[in-house]
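In what follows, chain A forms one complex with chain B and a second complex with chain C.
Let's turn to the complex of A and B:
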């Protein structure tokens, strides 16, 4: 089978996998700064709706439309982020989850979002290069971020907020920055995906979606950016590859998830696994 | 240069600080001492912006900085270390120090993305400077090791290097020598002096090691129950009756441990090797603890003392060698089984269950027991530790350091152990409290439980113990009666200072 034929057969799956990786990266960037956010599906939906309305109804070209969607998602993420950052851990997760429900309910009831049906007939503008070009750019972004002063500030906040503050790190500033990056990435992912699914509906801001995205990142691992990418792609492709199991497929899905969290607590793309196994004290 | 004025802070009904004023001059090394719970760390927490004072002011270089947020205080030039070590776990030693440079560097996210000259220059300079700072505190050969795997005393040194990376003018050190042996403390003294003389820092120091405090400080203030009870030169403070009464105690040399007849071997370790990952920490270690004995294990930080205890209690698997408890092999068994067989381990830093009451801490410790006498033992133990009986309903986390240490020992005894292992029981405790804890250790031994004692305060350990082992780089290099080791010249030079 030629590459072209393979791509033709599996194109939507391949595109979904790339978008999943982008979404996983958007959760990862908040995790980098020690913040657990479950609002990323909603942020992606905001980006998706915005971009879809621009291209479908106003004939704006893809690039500007996706960037506009990402910009709106970024602004919303920062607006949500600033008050939420007084919260920690599980409380922050709950607050961002509630935000997701607000977005879903709003999309369900607003006219501009098409209500329960959502928006249909979105133009087909996105293919392999748009998705994977973006993913490559995001990967480069994270590669440089992790090896920088800002990336180390994130890591310090994640490891010990009080100690980070004692080092003069402005923790609020960096937490908001991580939320802004998360909003932008989620917005881009949402804006891209609607242009190959041709449809967007309120369910894309649902709790299930939010948890899926988090699962991509956790299963892949959160010690480097490679984890979310591997996790997003693998967890999108795997269910399809197991389709022949029919009704038992979901069982196996669940079993794989449990096995990974038990045997690879740091994710399957944990760099430590590839070196000698180090035991923690 | 730096002053606090009538500083007060209450927690609930407790007055942790009650109108304390201090003034520190430029270039001074200033000691802050006093019993556990006197409010010393509270002063640091208020100055560095981690706690708001109930009343009072903080001044630094002609500016009022009361209630400034912590990051702004750091940016202004005050750095601190933490009593309960707060390194960035999971990062290497050198990365920890580089994070400390954050506040003196400028590169933004955009600089990093575009790899601008600022970014590249700061990365290169930062790494080089971090190595220099590690070398300054004697950690140059541990740069790549993950911070939470370092030995306790090394972690303290790393905290100092990280604090220095913020380029402070005022350095606040919270018990920097805790967990260090006399030789290491001596090196630390040199480092502290160099920081003042060569770098020009002003230093405020909280410390229980009186040799360090008296040797290095220009002036000392003494706190007790949130109030300042004395201030002056080391000599003045040392002679102050109120300070002796509250803190120093009139330390008479301990009578040498009574030589009981040596009993059967209770715990035997033979040719034990083990370690973390690819690196062996212990190389063929053999020792034994006999009935009616306290055996002391001394050695430098990173020699493997805690690792040995952790291996005996089953938290680490031995690679080769035998561990026997009364001739039953326990090497490689699970920790709960080993506790059940009668090995109690009181870990370094006490690790009481902070959110449980004293009573519940003791009950939890009897978890491995199946008999019906748990409650009776608990009551009997509280009789033996009157300080705990009075506080039996308090949460363990609210106890002072000395009380927590007693609770940790009592908890070890709840398992009705055949042997008790103590890791650094004097860690972070004031001189008077240390005396009390060691009295208790002797009582426990006298009641028929042999003890394996790991302790940085080698003098005290060897005075209390009957036999002693010296561990160096994972090997037992000396073993003798404790009093002979005390008199040994090499031991004195290396560990007694």
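Let's turn to the complex of A and C:
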């Protein structure tokens, strides 16, 4: 089978995998700073709705529309992030979860978002290059980020918040920054995805969707940026490959999630795991 | 005024179901400081087990409550052994438990789909009492009275168990400080197992009561709605606080009914979550919680 024919047959799956990787990266960036956010699905939905309204109703070109969506998502993420960052761990996760539900309910009830039906007939503007070009740019960004002053500050906060503060790291500043990057990435992912699914509905801001995104990141692993990318792509492609098990899709997702958390606490793309394998061999 | 009193009554009976569910949520948090996101799936399985008891064995409501209590309680024990104990052995943080509980919830919902199907079910006619009493213009149904009685009996029973019995004292000791409790000879894992039994048993009965309160609401997915409301309730009341969870559940139940009556029904859910968000941001310890809970 030629590459072109393969792509034609699986194009939407391939695009979904790329978007999943982007969304997983958006969860990863807050995890880098030790913050668990369950609001990323809602941020992606905000980006998606904004971009869709711009391209569909106002004929704005794709690039500016996606960037506008990402900008709105960033602003919302910062607005949510600042008050929420007084909270830690579980409490932050719950606050972001509540935020996601508020977004979902708002999307269900507002006129501009098309209510329960959502928006349909969004123009087809996104293909392989837009999604994977963005993913490549994001990967490069994270490669640089992890080795930068900011990345080290994130890592310090993740390891020990009090110690990081004692070292003079401006904790709130960096936490809000991680939320802003997460909002931007989620917004871009949302803005891209609606232009190849052609629809967006309130369920895209749901708790289930937020959990899916978190699953991508956790299963892939959160010690480097490669983890979320691997996790997002693998967990999008795998269920399709295991289609004969469709009735047990949720069971499989749950079992993978549990097994990875229990047995591979650093995810399947953990560098230490593979080094260990090589030594053994 | 009658309308207000009527709605207050409706809100209390709805809120008492939320409260029962939230109490189960909160005791696990109180003891282990983990959020068990499989608790909503346990609610759904409780409602479905009760459906099977009603349809195949044709039992009456009190027996169905006992049957559900035992079945979901045992489910809680299995849940602990499969999802949480391996993580405790490794001393993993609370976020890892949050994630395995999500995994366990997916598995339970999928299994429930296989056993009971995906269509919403209703309890057979005759299982739900249809008598009404009118007092001063306010109507109360026998069902509402039975629900209130069930919740009061279970929660008072739980409070007594925690306050007076040996196992209750052990649970409180573990909640206070697991290391010290273990050093003093309290069997940590058994206490945790029993806590999960209690929590899931209450969650399962809450599912049964939801099924009685709303026709056609019983399905493997019914937990989704209640899970988030239960979270809102325990955060409102202060995490780990049984009385707080009761209050939180009642506030949300009454609030929802009042919003539908006086404002707009489509914003009913948003208010619970908006409230949750506000409480977290303004007073993360909840209405009754202690200062320490924010640090967790």
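One rule holds in what follows: the second predicted complex is superposed on the first by the 267 of 281 C-alpha atoms of A that agree within 3 Å, B and C clash if a C-alpha of one lies under 4 Å from a C-alpha of the other, contacts with A are read in each partner's own complex, and residues count from 1 in each chain.
Definition applied: contacts are C-beta pairs under 8 Å (C-beta built on N, C-alpha and C of every residue); 3 or more make two chains touch, one makes a residue touch a chain.
Just so it is clear, the model here is predicted, and its values are computed rather than measured.
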- For A:99, decide between first (touching chain B), second (touching chain C), both and neither. second
- Query: Of chain B and chain C, which one touches more residues of chain A?
  - Reply: C
- Looking at the overlay, does A:218 come into contact with chain B only (first), chain C only (second), both, or neither? second
- Message: Looking at A:177 after the superposition, I want to know if it touches chain B, chain C, both of them or none. Which is it: first, second, both, neither?
- Response: first
- Task: Look at A:7 in the shared chain and tell me whether it touches chain B only, chain C only, both, or neither; answer first, second, both or neither.
- Result: neither
- Query: Residues on chain A in contact with chain B in one complex and with chain C in the other?
  - Reply: none
- Task: Could you pull out which chain A residues touch chain B in their complex?
- Result: 141, 144-145, 147-153, 155-156, 159-160, 162-171, 177, 276-281
- Message: For a test of understanding, state which residues of chain B touch chain A in their complex under the given definition.
- Response: 48-50, 69-72, 74-75, 79-80, 82, 86-91, 95, 98-100, 102-103, 105, 107-109, 111-113, 115, 119, 122-123, 146, 148-149, 162-163, 165-166, 276-278, 316
- Query: What residues on chain C touch chain A, complex-wise?
  - Reply: 33-35, 82-83, 86-87, 90, 92-96, 98-100, 102-111, 113-114, 224, 227-228, 231-232, 235, 266-267, 269-270, 273-274, 276-277, 280-281, 284, 294-296
- What residues on chain A touch chain C, complex-wise? 36, 83-84, 86-91, 93-95, 97-99, 101-102, 105-106, 108-109, 207-208, 211, 214-215, 218, 247-251, 253-258, 261-262, 265
